[in-house]
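Everything on this sheet refers to the single structure shown next.
First chain written, first letter: the chains are A, B, C and D, and each begins at residue 1.
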Amino acid sequence: MPLVLPLLLAVVLFCIGVYGVLARRNVITMLMSFELMLNAVNLNLVAFDAWRVDEATGQTLAIFVITLAAAEIGLGLAIVLLLFRGHGHVDADAARDLLEHEEAS
Amino acid sequence: MNAILLAILVLPLLAAGALWSIPAAIGDRLAAAYGSVISGLVLVGSVLLWPQNGGWFAYGPQDAPATEIDVAWIPSLGVRFHLGVDSISVPLIVLTALLTFLCCLYSLKITPRIGRTRSLIALLLVIEAGVIGTFSALDLVLFFVCFEIVLIPMWLVIDIWGDHHDPAGRKRAANTFVLMTVFGSALMLLGFLLVQRVAGTLDIVELTSSPVAGGHGIPLAAALLIAIGLAVKVPLWPLHIWLPDAHAKAPTVGSVLLAGVLLKLGTYGMIRILVPVLPDATATIAPYLGAFSTVAIVAGSLACLAQTDVKRLIAYSSVGHMGFIGLGISTLSPAGLRGALFANIAHGLITGLLFFLAGAIKDRHDTSDLRTIGRALYARLPRIAALLTFACLASLGLPGLAGFWGEMLVLLGAYHPAPWLPRTTFLVFMVIAGLGTVLTAAYFLRLVRNLCQGDPAENPPAAFAVDLSRIELVTWAPLITLTVLLGVWPGLLLQQWGAL
Amino acid sequence: MTTALFSVAGAVAVVAAVVVVVSRRIVHAALWLVLALGAVAGCFGALHAEFVALVQILVYVGAIVVLVLFALMLTKAPTNPLPEITSGRAPFAAAVAAVLALILGAGVVLAFGNEKIKPVTDGSATAVGTQVFKNWVLPFEVLSVLLLAALIGAIALSQRTESAQRKKED
Amino acid sequence: MIATVWRVAGVGFSLLILLFAALLHGATPDQYAFLNSQVGDLTIGFAVRNDDLTVLLLVVVGVIATCVQVYSLGYLHQRAASYHALVTLFTAAMVTVVISDSLFFLLIGWEVMGACSYLLIGHYWERRDARSGAVKAFLMTRFADVGFLFGIFVLGLGAHTFRISELDPARISPGVLTTGTLLLLVGVVGKSAQVPLQTWLPDAMPGPSPVSALIHAATMVAAGVFLIARMYNVFSAAETTLTVLAIIACVTMLFAALCASAAVEVKRVLAWSTVSQLAIMFSALSLGTADGRHAALFHLVTHAAFKGLLFLCAGVLLHQVGSAALVVLRRYTRRGKLRKALQVTFLTMTVGLAALAGVPGFAGFFSKDTVIEAAWEKAHDGSGVGWVVLVSVCLTAALTAFYCLRLWLWTFFRTPALAGGIGAFEDGDAAADLDDPDSSKLRDAPWVMLAPLVLLAVAAIALGYADGVHLNWAIGLISTALVLLGALPAYSLWRRGADPRPILLEREFGVDPAYHGLVVVPVKWLAKLTVAGDRDVIGAYVRAVGRTGMLASQGLRRLQTGNVQTYLTAAVIGVVALAVLAGVIGS
């Protein structure tokens, strides 16, 4: 199996994730896109583990990443909930509390 | 001697820090008295520094500065903490110390209405330290640092203690002042770095003894940057636009220090750095410098003729006078440079006195607008008006008073510029500058006519207007005395600069 | 064999991922995510990393997607198609993603174009466990603390504070 | 109290000058330099000298100053302290000029005199004409002094010294000599109010009369004559300068005499006559001969006496009557009061006018004849300048006699033709023909004022004989004839009660308005233009820079949309760009 196959798959998945994060308005969808990106990374890790033929280091790191993803999604969803409670929606475009206001000078 | 030099530099800084650290409730009088004592000590110290054997090291590398402190400061950059004074800088240091001392003394009785005299005094001391540092720095970076130290306190002085009728105006004036001068000093720093790149050192003494040769390329760029940077401070036309506003809005003591001392930083820098370090490049730009100075003389005088505010008028007169100094430097001749140095001192004394007087008039009428003040000050405030007339006559360059010798030597220098400069051009400058002195006389006479003279019946005296008070007499007397003394005995300073 | 298996799983994963990011129904997107993650797990399997594949299914499909679905419910997400699921910068985002894909793809091909791999030598839980407890003990422990912190953080964030409640009541 | 101190100091100082002159008289000429400093290879400093010219001028200055100070005791009561202090300073400045051997020391005295004259002319600063006259006097002389300063540069650098006694025309190249002397001449012309810088002197008349006497007789305007006499070896070596001086002098003497014949105020007539008489001195100097210099100095001395006398008399008129305008004086005169009430003044003024007109026997006659004689000798040698000077001085002598007699008659005598009418001066004055002023209180001035008059009157006669009478009878006869020639029309016009004043003369040839239009107005415009330029051009650039900064910051603030995805997009783009950059640099 050529190494580029998993690598290219990872690239495609990652860029789909990037598109989702940048383009979708719903914050939960954005989180889902993050998961896609993390998966692409995992794919890379496992593929390189196979390539380097060493003792499952890449797999271990993949496990770690999955754990991190779990933590991340937990926190992310909590924030989404908070956002929903505060604003009544989960629209990233409408959540502009960081906007610089003109009269703020 | 080194101890004294270090002391007059550090003492005001420490004193200012001490003043800030004690509680604000110590009272204005006490703060002013404290400031007077400190600045009086500095004055004594600066007089002690007066070189016994005058030597102008800038033109004779074999003559080292009279007093020198030289320790490494930032070794990796080759920056040294190199201080030293010679006969060029000591008179300016004494002038600085004198004016600060008089300002502190003046604050004993007369302070801006905003109050907070304690901070004002402390800032004045910081300014004094910065100016003395600039005048004694012998390292380009140290010069730049001290040059910058002066700006911020002066900005605060204008911004906080400025004209209490016009908060927006004084803020704008202060900001314009600080932004333009910082812009200028940024250019100057670039120039310094170019010099360092070419010469490999930042030490002014070394640079003076082996100057950067060549009037083109990098030396020219360095000279241009340094000249423009210093010209903002001078200020040379057309970079003078910050000056009238800053002066008009600043409190009396601020105006006095600004005109008397801060403007000299620019011309001193030109004489100390530009001329000796980059002689060839300076010769290339000298005709342009002379041209702009001449325009400054005429434009400043013309602008004065149309002013309706006494402080603005005096501020614009500074533009004209500093134009004379710039012209003197641009001639690169012994007479012109000595004229510039002399005019530096004379302008500090006379314009300081003029701003004190303008401040006194402003305080008494709560405005500096000529039309609102009215006329016939001779009848209402006879002594102040007489002093104003005296100061005006001194400022317009009446022979026998200090203002004359500087202008005369500058014109003499323009008549006989350095041999490598185009003589015809400088002759034209001389004639125009000479006519500028007539314009100078015209606006000062207009001021006297519109302010001092007039029908007393139409301008009844204000109820609270008190003539010359004792503190005013005490603070102004040294300036008047020195103006007359230097006028009748110019050798007092000229001899310091030795023979070439 | 593994190549074919990997290709099929990869194709499924890509298609599912594309549907996730373009789907108009958010719940559908979440379900398509299940497929995409499952397909990635299949890829892991094709590479003989069984343990990772299992964890992928367990954690991702089992825990994360369920969490996401709960979140969708809690935020009252509409189940019907939305007219505007993407913002105005979608084409721009697509362009950015495409350029990124091009660069990364080109880089990958240029760097590893000729390399061949065999499936991982040992993808069992034993191998991974040995690694974790032999070489990665400290990161593992730190990770556990991190998880704990995330847990506490999630609770703290999602809890209605008294002051916020009072504000709402006012 | 302070006023008394200054009064005493003023009189004392004037007497001190006289004492000083007496001590120096007969001493060997000497020089002494002090307070010198080197600037480059030039020596700048002060020096004094003592020679016959110094002593002569010191005596003149001392006498006139004493007279003026004493006279002022009675004349002036308002702001006496500053007045006496300034007069003293003024005298001191003139003494500086006289004793100086350094060009810069001389310049100090020269310009301090200008400043003092400015302050003294503006002594009555409540009055508009005094204010503007003072400013005008200072500015015009200051303008001329710029030329003077440049002349010092040219000569000083040319001869490599600023000491007058060391200026050797033989060692200066002719071009430098001509340029330098011409530039010095500019200063002289301004100070002595010669054409074309003559307009300030008549306008300086609102100042107190004793000050006018001081300015006109001994100090400021005489300084110009003194300077040329002092540097006569330099000037006489510069042929071109002397020619220019001759032309200026000849134009001025006629111009001023014509203006004097149309002036309607006693002091203005006298002012113009001063200009004219100074021009006569300059014309004598322009001959370039030792006789010419002697004649000029002789005329300077006699002129100091009789012009000082005349101004002090005018001061009495002002003090006792309240005005020196002919129209006012006529109201007293038509009852014949003025002459009887102010007898001493009348007599002394008669002496002064006679001396001015050059009536035989009076001092002016002798000194003027010396000038004519010097010019005749020069002309006889075939010099064009000599002829021009000769003709101009003769014409001026006739004109002088005309305006002196006109002034005398119209001031002190009833016109037979009008039989008590006011005469030809009332136009423009509506109150002229109203009831008589109360002349019962009119009486002569106190003795402190009259004593100087008498002293100067004696001098105005006796000084003519001080030089030893060596009259050339032919010239004496001719000048007497010229005096008569000028006096007759004045007498006949007065007899007929007519005083024709050509409009051109009355407006003084329109020079003043022309200067106003050519200089003052453009300068005011330029001033406004400069201020507007500062505000709207230079200031605009500065403001524009500030505004650009503000606009840029507002534009950058727009980027802060608050949208997380925008930030992320930017970040991704940045990463991509960096990657590309790294790739490019790496390859």
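List of remarks:
Please note the rule applied: contacts are C-beta pairs under 8 Å (C-beta built on N, C-alpha and C of every residue); 3 or more make two chains touch, one makes a residue touch a chain.
Since we're looking at a predicted model, the values are computed, not measured.
Both chain B and chain D are touched by no common chain.
Chain B has the Cα centre that lies closest to the mean of all protein Cα atoms in view. Across the assembly, the mean Cα position most removed from that of chain D is the one of C. For the pair chain B and chain C, the distance between mean C-alpha positions equals 71 Å.
Between chain A and chain D, the centres computed from C-alpha atoms are 96 Å apart.
Annotation: 64 Å between the Cα-based centres of chain A and chain B. Chain A and chain C, compared by their mean Cα positions, are separated by 7 Å. Residue positions of chain D touching 2 or more other chains, listed in rising order: 565, 569, 572. Looking at chain C, residues 87, 89, 92-93, 96, 100 sit in touch with two or more other chains. Multi-chain contact residues of chain A, defined as those touching 2 or more other chains: 18, 22-23, 92-93. According to the touch criterion at the top of this document, the contacting chain pairs are A-C, A-D, B-D, C-D.
Chain A makes touch with chain C in their complex at residues 1-9, 11-20, 22-26, 28-29, 31-33, 35-36, 39, 42-43, 46-47, 49-51, 53, 55-57, 59-60, 62-64, 66-75, 77-82, 84-85, 90, 92-93. Residue ranges of chain D in contact with chain C, taken from their complex: 565-566, 569, 572-573, 576, 579-580.
The touching residues of chain D, counted against chain A in their complex, run 554, 557-558, 560-565, 568-569, 572.
Across the complex, chain C meets chain A through its residues 2-3, 6-7, 10, 13-14, 17-18, 20-21, 26, 29-30, 33, 36-37, 40, 43-44, 47-49, 51-52, 55-56, 59-60, 63-64, 67-68, 70-72, 74-77, 84-87, 89-90, 92-94, 96-98, 100-101, 104-105, 108-109, 112-113, 115-123, 127-128, 130-132, 135-136, 139-140, 143, 146-147, 149-151, 153-155, 157-158, 160.
On the chain A side of its complex with chain D, the touching residues are 18, 21-23, 30, 92-93, 95-100, 102.
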